[in-house]
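Before I ask anything, here is the structure I am working with.
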Amino acid sequence: MRFFPQLSRSRVFFLCIVIIFAVVSCGQSQPISIETVDIPPVPLEVPTSVPTLEPKLRDEAISNNNDQQAAAVSLAMPAITAEDAVSSIDESLSGDSEYLEIMWDSLIPSDYTADAIMAKYRDRLVAVEDGTDEALELYDAMQEEFNNAPVNESLSQFLIKIPGFIAPLEYTDDLITEFLLVPYFGACIHQPAPPANQTILVKTAAGQGIDVADSYDPIWVIGELKTEAQTTELATAGYNIADAMIEKYTP
Amino acid sequence: MSATPIIHLKEIRFRWPGQSADFLYIPELIVNKGEHLFIQGPSGSGKTTLLNLLTGINVPRSGSVMILDTPLEKLTNIGRDRFRADHLGVIFQQFNLLPYLSLVENVQLPCGFSRRKRANAGDMDATALRLLTHLSIPDALLDQPVSKLSVGQQQRTAVARALIGNPEIVIADEPTSALDSDNRDRFLELLFQEAEEQESTLIFVSHDRQIAERFTQMVDLTMINQAEVAE
Amino acid sequence: MKTLIRIVLKSAWHRRISLLFTILSIAISVCLLLGVDKIRKEAKSSFINTISQTDLIVGARGGPVNLLLYSVFRIGNATNNVTWESYEEIVALDEIAWSIPISLGDSHRGFRVMGTNTDYFEYYQYGQSQRLTFAEGIPFSEVYHAVIGRDVADALDYQLGDEIIVAHGLVSAEFAEHDDKPFTVTGVLAKTGTPVDRTVHVSLEGIEAIHVDWQGGTRSAFQLSAEQARNVDLQPKAITAFMVGLDNRINTFRLQRAITEYNEEPLMAIIPGATLAELWQTIVVFEQVLLVISGFVLIAGLLGMLTMLLSTLNERRREMAVLRAVGAHPYHILFLFVLETVFIVFLGYVIGMCLLYSLLVLTQPLLVAWYGINITITRPDAQQWFLFAVVLLLSVIVSLIPGLIAYRQSLQDGLAVKV
């Protein structure tokens, strides 16, 4: 008490404001603060160069048909092929990150990209009239191929960092510790369901997980990508990441 | 009693905030050690203000307040409060005691705010009891709550509190104004007795001229206060 | 310092009657706030731990949350059934590793009766991949056998071998009971902390048997005895829903889509983990509203305390003058108010916590018996200690209001209180 400074009124007011400010700013970083959870009213899409494929394919096919051009179909952004992925590893590894940051289209093998499938079917598409049953069958077939495309084995055992939305599967101690990672929000609600090579089965590392309250938010997943072409006794087919680290998604 | 000035006020000017003229102007006031000074003045003449200056509650606009060779006006707020805690004892007109403390705790209160008084008091319980007995507080009342005491007994307890720890100066602000004449006389007798025993200087403020004769010194505030009467 | 603390304590004791009510009001608001926090955490845990390692739940097309609620939580009802043919055709798909058919609709003295087969005991998991275990007895092996959950056994004091009557529909009434076909308890499941504890499990054939002579919800004219019913073809024609486990979880979406597009019957498949999250997101808004309300109640308690302090300020001016006279500085006066307020709030908080814990201890068995909600009584977590600190800080801020007023008053009054 002997070392208390003289308390003038103005100093006390200043002290009050500082205290209130401290309480308020502390409160905002605590879980107990009252923040409303924003459920996005519209499905969000993480930036990917593979938007919903069907309308795009059709539009391109129609324009191709009409124009009778053999021009290459280009999508919003060029797809990264496996070779590109490999060659950019050096760049990534030489930087700060130990992992390779990839986008969802890297998970599609090069001969099963939208481009490639379009190329395969071009001749048949050109020969068919738009709007007929045969045309629809062709589109369905193309979609089937796209949906059933195999995994991109060249990415096997790469340490990757990939953004996505989750469909929770298992909980541990109130955290989501096993989930399916997909490129867009609401995979289990919205159509179309993502194909197998656009889905990653993720198990989080010990202590990591996602709070149920955050289950609608996009996240970064960091871990070693395991690719299996077939289900065997030892492994299940598709993309898997075990012991994944989770980070909140920031662009 | 040797004439050593224990209080020396010089060229004190004081006004309340917002006043255009000085409310109090005292060119000089000297009180010697051991004196019993009676300050007389009607209400509103500035008695309380003078007491506030003497106890360090307020600081004069100009002039010096030397108490025990310490210039009070140069101390900080805390310094003055501490000075008052260490060297002064104060008695009010009424409501001197804290209702939630026992008699003994009330008497010992100043020792909680002053190390010097605490050291002087030694065995605090014994000292407090001694003072209370000297001031004719019956033993039976010692455990009672403050509300059970008569006004006279409360005032006398206040004297005990003001004297514990041997403060050099005791200041009393109209302490007898709420007492009947018998109680008043007894109060004064005991006050003088104790003050002399501890060699404390006593400053007694009152409007009651009758008791002035009992004092060694008397000062009429309206005389020494040279401030022009403000409208 | 010691003197000040003594003064605060003695002064508070002197005014203990009025302080008591202030402390109580703070205690109650703290109890409410902590209680709401506790319940939401418990509810969340209970919810999340109900089902595990199940990839899809399939039922008649309708609301996904509704399907989750009735199939897993035994809350609510299905709007439609799933035919046995559809069930068999779907589970014949390669991707499916196992399946559990379930049939709901009946009850026994307030507990729901679920028809299923022995695959349920083998494949159903909850919590962290925990399987069901039997505390006593064995699964059903016969038409009129039943396996009951722990809470059913405890609440109704059932032993192995007891006979129970199943009622038609969710509420028992004598005219709606299948009283000619009693079931025998052959097993009691170990406690799971999930709605399994509150369920009476019978075979699908058992459900068929008791409904064989019922039509449209009432007994038909032709009555069959239990024995006769046993010999009728008890192959179920429809079930309420079924649970499915896949060989490879990657195929979840594809299979979900296939079931949704199944054109023999309008069906729907949900991913339990995802639907749980969806359900929780809806509830989260309510829990936050509840928290806000509790927060306001606490603030009301603090404001009440502030009112009390302010109203006593005038009376205490003389006290302050006495303290000033013996050498107290105005900030000592301020400090007295801060100390006293913190003391009151601290006491109120501690009493509130004790109140909450006693309430929890008292109501824990009741909540389990009536609602199947399991409350674990744990020590306060980091969040709640932080709340404690925040409340104390708030009390300091609140105390500054009367404190500063008293500070100024004591400066002005000096030794002479003009009251």
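We call the chains A, B and C, going by the order they appear; numbering starts again at 1 in every chain.
Simple rule for what comes next: a residue touches a chain if its C-beta (ideal position, glycine included) is under 8 Å from a C-beta of that chain, and two chains touch if they have at least 3 such contacts.
These numbers were taken from a predicted model, which means no experiment stands behind them.
**Student:** Any idea which two chains share the most contacting C-beta pairs?
**Tutor:** A-C
**Student:** Name the chain whose C-alpha centroid is farthest from the C-alpha centroid of subunit B.
**Tutor:** The chain farthest from subunit B, judged by C-alpha centres, is A.
**Student:** Just the number, please: Cα centre separation of subunit A and subunit C in whole Å.
**Tutor:** 34
**Student:** Taking each chain's centre as its mean C-alpha position, how far apart are subunit B and subunit C in Å?
**Tutor:** So the centroids are 68 Å from each other.
**Student:** Distance from the CA centroid of subunit A to that of subunit B, rounded to the nearest Å?
**Tutor:** So the centre of subunit A lies 83 Å away from the centre of subunit B.
**Student:** Send over the residues of subunit C in touch with two or more other chains.
**Tutor:** In subunit C, residues 330 touch at least two other chains, as defined above.
**Student:** Mark out which residues of subunit A touch at least two other chains, giving numbers and ranges.
**Tutor:** 4
**Student:** Give the residues of subunit B touching no fewer than two other chains, as numbers and ranges.
**Tutor:** Expected reply: 77-78.
**Student:** Sort out for me which residues of subunit A touch subunit C in the complex.
**Tutor:** 1, 4, 7, 9, 12, 16, 19-20, 23, 26-27, 30-32, 34-37, 39, 147, 167-172, 174, 176, 178-180, 182, 187-188, 191-196, 199, 201, 212-213, 215-216, 231, 236-240
**Student:** Using the touch rule from the top, collect the residues of subunit B that touch subunit C in their complex.
**Tutor:** Its residues touching subunit C are 48, 51-52, 55, 57-58, 77-78, 81-82, 84-86, 88, 90, 92, 95-101, 105, 109-110, 112-114, 161, 173.
**Student:** Can you check the complex and tell me which residues of subunit C touch subunit B?
**Tutor:** Against subunit B, the touching part of subunit C is residues 2-3, 6-7, 10-11, 13-15, 318-319, 321-330, 414-417.
**Student:** Considering the complex alone, what residue numbers of subunit C touch subunit A?
**Tutor:** 1, 4, 37, 44-45, 48-49, 52-53, 55, 128-129, 247-254, 256-257, 270-271, 273-274, 276-278, 280-281, 284-285, 288, 291-292, 295, 330-332, 334-335, 383, 386-387, 390, 393-394, 396-397, 400, 404, 407-408
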